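Following: one structure in C-alpha cells, then a few remarks.
As written, the chains take the letters A, B, C and D, and residue 1 is the first residue of each chain.
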C-alpha cells in the first residue's frame, strides 16, 4: 500500500483511535488513559514532522475516499494545511499534558479525554481537507466534539453556555453547508487549489458567487467569531481551562479563520476576490471585529472573559491579513494563525493556573500573583506582550507583516486599525501585568490550593505555559530562521500568488 | 353485463359508505363494522370483476384474493375486538376517549 | 571582532534571566562592558548579518553610532555599578536589576542595529522595560509618573511602528539613507518627529519627564535622561531625510518646535525647587535645541555633514553631563555628617553644571562651538540671538540647580522610604562617577581645538550678572521667590491633561457601556428565545388532529388533491 | 439456490413464529436462533444480488402473468439488509429486555412481523403486497400493545384501525387496476399501464392508503402515541422498519409502476406533505416532554425528508444525477432505520433505569448510562444529518440537486428541519452533562447496550463513509 496516500488519514486517525478507545476505559484507569493520550499525540507529531518534510520537498499526500459518484472525501497536504496541522498537533500535545494535570481527580475524565482527542482529530481534518465538502464534514464534527467539552462541568452555567455555543455553531454550520452546496451546484466539486478555482468563472454567475461568498463567510464567521457572530465565545468560557485554551488557540476559532483563508485563497482565488470587492468587505468586517473585541475586553473584569474578547479581536487579524491584496499581508495573516495560537494558549494556561492554585478568576484579584507564581506569570507576561505586539515576541512579527502588507497595498487605514488595536490591547493587558508584578501580594487568596513541592504548581500545569511562551518568543526572535512559522507562511504566500 | 356493473357499482358504493361511516362515527364497534363494510365493498367489486359471462368460467384470481382478504379482515377484526375488550375491562367503556 | 556586537547586546539580555537572584547583584555593573569595549575596537562600516534572528538582524557601527555606543555603554556601565551597589539592601532589587538589564540590552541593540526591525525591537524593549524602573519605588507619585510614561511611550512606539512600516514598504528592511527617505510622504516625517519626540521630551509631549525623573531611582533617572533620551536624536538622524533635499516647511516647523521647547522648559524649570525636576526641564530644553538644529538642516541640506557631527558631539556631551549630574545627586549625603568625599562630590557637580551651561574649557563649550556654524542662517538672523538667550537661561537654570542642592531636602518626601540609605557609603559608585567627571573634564581637549575651548564665555558672564542680584535678594528676603516656587507644578501640562483624561475615560467608559448594552440586547433576546425553545412544552396542540373526523377529512382532502393533481395537470400539459 | 434463499428469508421467521408459539418455554433461544438464521439468509441473498444482479422466483404454479412471486433487486435488498440487521439487533436487545411472561407474546408476534416485512420487500405483485402489508399492520399493532397499559392499547387500537383503513383503500386501488388490466405483477403492469382515470384513481387510492401507514403529515396523528407507548424494542421496530415499509412501497410503486402515469404536480403534493412533516414533526419533537415521544415525532419529521425527494426526482432528468438522488433517498431511509432503532433502544434503557422518560428529569439516568447516552448521541448525529452520517451524504445530494434545479424552497425546508433536529437532539444530550456522580464504566449491560450502540454507530459512521456499495447495489435494479 502506498504510504503517501495513507499519511493524511493516518494523521487524523492517530488521535481519533485513541480517543474512541478512551471512551471505553474505566474511570480510574488513569495510567492507561494517559498512555493512550500521549501515544496518540506523539505518533501524530512524528507523522506531522514527516509530512512537513515531504511537503517542503514538494511531495504530495492525498487520501481520497469516494463516498458517492462525484462526492469525494479528500485529505491532502499543502503548505497551508501543514502549517495548521503542525500547530494543532504541537499544541494538542502540550494541552494534553496540561489537561492531565488540570483534571487530576476530577470526574468524567474518560469522557473528557475522548472528546478532547476527537476535537483535535476534527481540527486536523479541517486542516487537511482537500475539498470544501471535506472541510464541511470536519467542521461539523468539530462542533460535535467540542460541545461536550464546553458542557463538561455540568453546572447550569455550563449547560447554558453550551446551548448558546451550539445554537451559534449549528447555525453557522448550516450556512456553511448551504453555501458549500450552492457553490458546488454552480461550479461542480470544489477542490482547494492554490490560486483558486473561480478565476475564469463566467461573467453571469459572478453575482451569485459573491452572494455565496457571504453565505460562506457567515458560516465561517461564527467560529471565527467575527462581529456580530461572536456572541458564543465569551459564553463558552464556562469550559475547563484546557478546553478554553484549545478552543481559542487551535480548534474552533482557528478553524473558522483557517476556513476564511481557504475560501479566499484556494476557492475564490485572491485575484477574483480582490476584483469583486470581496476582500474589501472582509477587511471592513475584520477591522470592526478587531476594534470591537478590544473595546469589549477593556470592560471585562473576569480574566477569562477578557481573554475571550481578546481572541475575538486577535483572530480577526488573520481575516484582515487575508483581506489585504498582496503576498506580504497574506504572510502576516497566515503567520498570525500560528502566533496567536501560541500566545493565546499560553494566556489561557496561565489563567487556568491562577484559578487552580489561587482561586483567582478576576483581574481585580490578581494583585501580586507574580511573586506567588513567578513561572506562570512570566509566561503570561510574554503572551500578553506578544498580543500587544511588542518585539521580539511573535505577535510583533504578525503585526509588522500586516502593516507592511497594508502599506504596500496602499491600504493605510489598516495601519490605523493596527495602531488602535495595539493601543487597546495595551490598555487591557498592561494593567494586568502591572498588578501581577508590581502590586503587593494580598494576605489571603480567594481559594488557595497550596501545592506540595518545590514548584508553584504541579509540573504538568507549569511546563505547558512555559513551553508555549518560549515558543511564542522563539517564533518572534528567530522569525527568519528556516522552518519557522514565518518562513512557512512566506512559502504559502509564494505559492498562493504563484511566484 | 349490467349485473356485473350493478354488482361492482354497489361494491364501490359500499366502500364509500364504509369510509364515511368510519370517519364520522366515533364508537369503536361502529368503526369496526364500517371497516368490514368497506372490505365487503372491495370484495364485491373483485367478485364482480371475476365475471366473464355466463359461459366462461369465472376468473379464479379475484376469488383467491377475496378469500385471502376475508381471512385477513376477520383476524384484524378479532384483534381490534380484543383490544376493545381490554380497554373495556380496564375502564368500563370502549369509547375511544383519547 | 565584529562578534562583540551581538555579545554586547546579548549579555545584558542573558544576564537579565538570572538577575533576579540576590546572588546576582553584580550583574548590572558588568553587563555593559562588552559594549564599551566594542565601541573602541569594532571597525567602522562592517556589518554583521544574523539572518535567523528577527527578520534578519544586521549589526554594525558607523561614525555616528560609535560615539553613541561609547557614551551609551559607558553611562550604562556607570549606572549599572551605581545601581548594583545602591540597591543591594532593597528587597525588590532583583526586579529592578532584571528590567535595568532589559532596558540596557534594548538601548544597546538600537544603537548598533543596522536594520529597521532590530532598531524597533531595541527601542520597544527599552521603552517598556523602563516603565518598571520608573515605578520601582512604588509610591503614588512614581506609579502616576510610570503610568503617564507608559502611555506616552506606547503612543510613541506605535507612531514609530507605523513610520517604520511605511519606510520599509518603500526601501526595505535595512537602514535607509537620506536619498531613500526623501521620497517618503510627509506623514512619515510627522510620525518620526512624534515617535522620537516623546522619547526626547519635546514640548508638548514632554510632561512625562519631570514626573518620571524624580520618581525613578537615581540610576534609572540617569539612564533615562542620559542614555535613553539620546536614542531619539539617533532616530531623527536615521529617519529624517537630512542632507538630500530641502524641506523648508518641515524645517520651519521643527525650528518653531525647538524654540518653544527650549523657552518653555527653561522658564518652567527655573520655577522648580527639586533638583531632579530642574534637570528634567534642562533635558527638555536640550531636546528643543536638537530639533532646532535638525530643522535648520532640513531647510539647508548642505549643512548636514557639519550639523550631524555637531549634534553627535553635543549628544555625547549632554548624555555624559546629564547622567553625571543625576548620579552625582545620588552620591550626595546629608550635611549633618560632613565628610571629605562630599566636598569632592559637590565639586564634581559644580563642574558638570558649568559644563552643562557651556562654560569655557568644558565639554559644553566645544559642543556649542560645533553647532555654531549652523546658526548663521541668512534669513534667520534673530535665531542666533534666541539661542543665546536660551544659553543664558540655561546658565541661570544651572545656578538654580546648584542652589537647590543645598535648599532641597535629600529625602524628597520626609518619612518616605529612601532606597539610598543615607548612611551607607558607595565607594565603587563614587569611583566610577569620578571617572565620568574626569572624562567630561578632558573632553574639550580630546575632541576640539583650543579655539573652541572658550566659546560663549560671555554668556556665562551675562548669566552671572543677572543671577548675582537675584541670589543676593533671595538671601536677604527669604520669602521673595516663594510665590514663584509652586507656580507651576512638575509636569506642568499634566494638570490640565489629567482633567481631560478623566473626562475622556469617563465618557468613553459610558459610551462603551452603552454600546455593550445596546449590542447585548438583541443577543439577550435571541438567547431568551432559544432558552424558551428548550423550555417546558405547551399543551398538546395535536388533540384536534387526532380527532377522527378532522383526521379523516384531511385524509380525504389529500386523496382528492392527489387525484386532482393527476387529472388537471395531465389535461393541460 | 437463490430461489430457496428468497423463500427462506420469508419462511424462516414464519417457521420460527410457529415453533416459538408451540414451545413458549424456549421462546428466547428459538426466537434468537431464527432471527440469526433469517438475517444470515438475507445477507447471503443480498450478497448474491450485489454480485450477480436481481433474482426472481415464482411460487405455487402462478407464474407470470398472474404472478405470485418473489423478487430481490437492488432496492429491495438494500431495505432488506437494513431491516434484518436492525431486527437482529432488536432481537438481541429484546432477549434480555422482556420479562418471562411478556416474552411468550413477544416472540411469535415479532417473528410474524419480521416475516411480513421480508415478504413485503421481496413481493412482486400488488396483492401479495397487500397481504404482507396487512399482516405487518396486525402484528405491529399487537406488539405495540404488548405492555398492556391503557394508553398503549388505546393508541394501538387506533393504529390498527388506521392501518385497516389504509390497507382497504390500497386494496380498492388494486381492484381498480385489476379491473382494467387483469394482472397484478408490478413489472407486467408497468408495461401496459397508461394515464387515464382508472390509473389515476387507483394511484390516488393506493398512495393515500399508504400515506396513512407511512404516517405522512398530517396523517401521522396515530404514530406518536402508538410508538411512544410501546415497549422499547417494539418502538424501535415500528419507527425504524414498519413505517419505512410503507414508504418503500410508495417508492417502489412510484418508480416501477406509476412512472408513466404520474407528473410533477403529484410529486409536489407529496413534497409539500413531506415539508409539513419535517417542520411540524421537528417542532413537536422539540417541545415533547418525554424522550420516546420526542423520538416518535422525530420519525414523523424524518419520513418527511423521504417524501421531499419525490419532487426532486421528478425534476431531475434521468442520468447520473437522478441515480445519485435515488441512492440518496434509499441511504436516507436506511440511515434513519439504524439511527431511530438505536435511539429507541437506548431510550428504553434510560427509561428503565430512571423509571420514566421525562426529558427534564433524566439527568441522573443519562449520566449513569454512558453507553446508552452515547448511542442517543450517535443516533442523534444521524438524525440531525451531521457528518459523517449517511443522512449528511443524502442531504448533501438532495440539496445539491435542489440547487441545481433551482428548487431552493426545498433547501430551506431541509435546513430548517436540520436545525430543529439539532435543537431537539441536543436538548436531550444537554441533560447528560450534569453533576451526578461519575459512572464507573462505559458499558454496564452489554446485551442491551451493545445493540443500541452498534445500530447508532452504523448510522453515524458506517453508512456515510462506506456508501459506495449502495450504489453498486442499486445498479442492480433501480438505477437507470
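In this text, a residue touches a chain if its C-beta (ideal position, glycine included) is under 8 Å from a C-beta of that chain, and two chains touch if they have at least 3 such contacts.
All values reported here derive from a predicted model rather than from experimental measurement.
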Chain located farthest away, centre of chain A as origin (C-alpha): B
Comparison of C-D and B-C (more C-beta pairs in contact): C-D
Where chain B and chain C are represented by their mean Cα positions, the distance between them in whole Å: 101
Centre distance in Å when chain A and chain B are each reduced to the mean of their C-alpha atoms: 68
Separation of mean Cα positions, chain D and chain C [Å, integer]: 77
Mean-CA-position distance for chain D and chain B (Å): 28
Contacts with two or more other chains, residues of chain C listed in rising order: 534, 546, 555
Residue numbers of chain B (touch at least two other chains): 19, 22, 31, 96, 98
Sites on chain D at which at least two other chains make contact: 158, 169, 225, 423, 430
Interchain contacts (touch definition) - all pairs: A-C, A-D, B-C, B-D, C-D
Residue ranges of chain D touching chain A (in the complex, touch as defined): 320, 323-324, 327-328, 370, 374, 381, 386-388, 392-393, 396-397, 399-400, 403-404, 411, 415, 418-419, 422-423, 426, 429-430, 433-443, 464-465, 467-468, 471
Chain B - residues contacting chain D, complex: 8, 12, 15, 18-19, 22, 28, 31-32, 35, 38-39, 41-42, 45-46, 49, 59, 61-62, 65, 68-69, 72-73, 75-76, 79-80, 83-84, 86-87, 90-91, 96-98
Residues on chain A engaged by chain D in the complex (per definition of touch): 23-27, 65-71, 73, 107-108, 110-111, 133, 136-138, 140-141, 143-144, 147-148, 151-155, 158-159, 162-163, 166-167, 170-171, 173-174, 177-178, 181-182, 184-186
Interfacial residue positions of chain A with respect to chain C in the complex: 160, 163-164, 167, 228, 231, 295-296, 298-299, 385, 389-392, 396-397, 399-400, 403-404, 406-408, 415, 418-419, 422-423, 426, 430, 437-438, 476-481, 486
Residue ranges of chain B touching chain C (in the complex, touch as defined): 19, 22-24, 26, 31, 96, 98
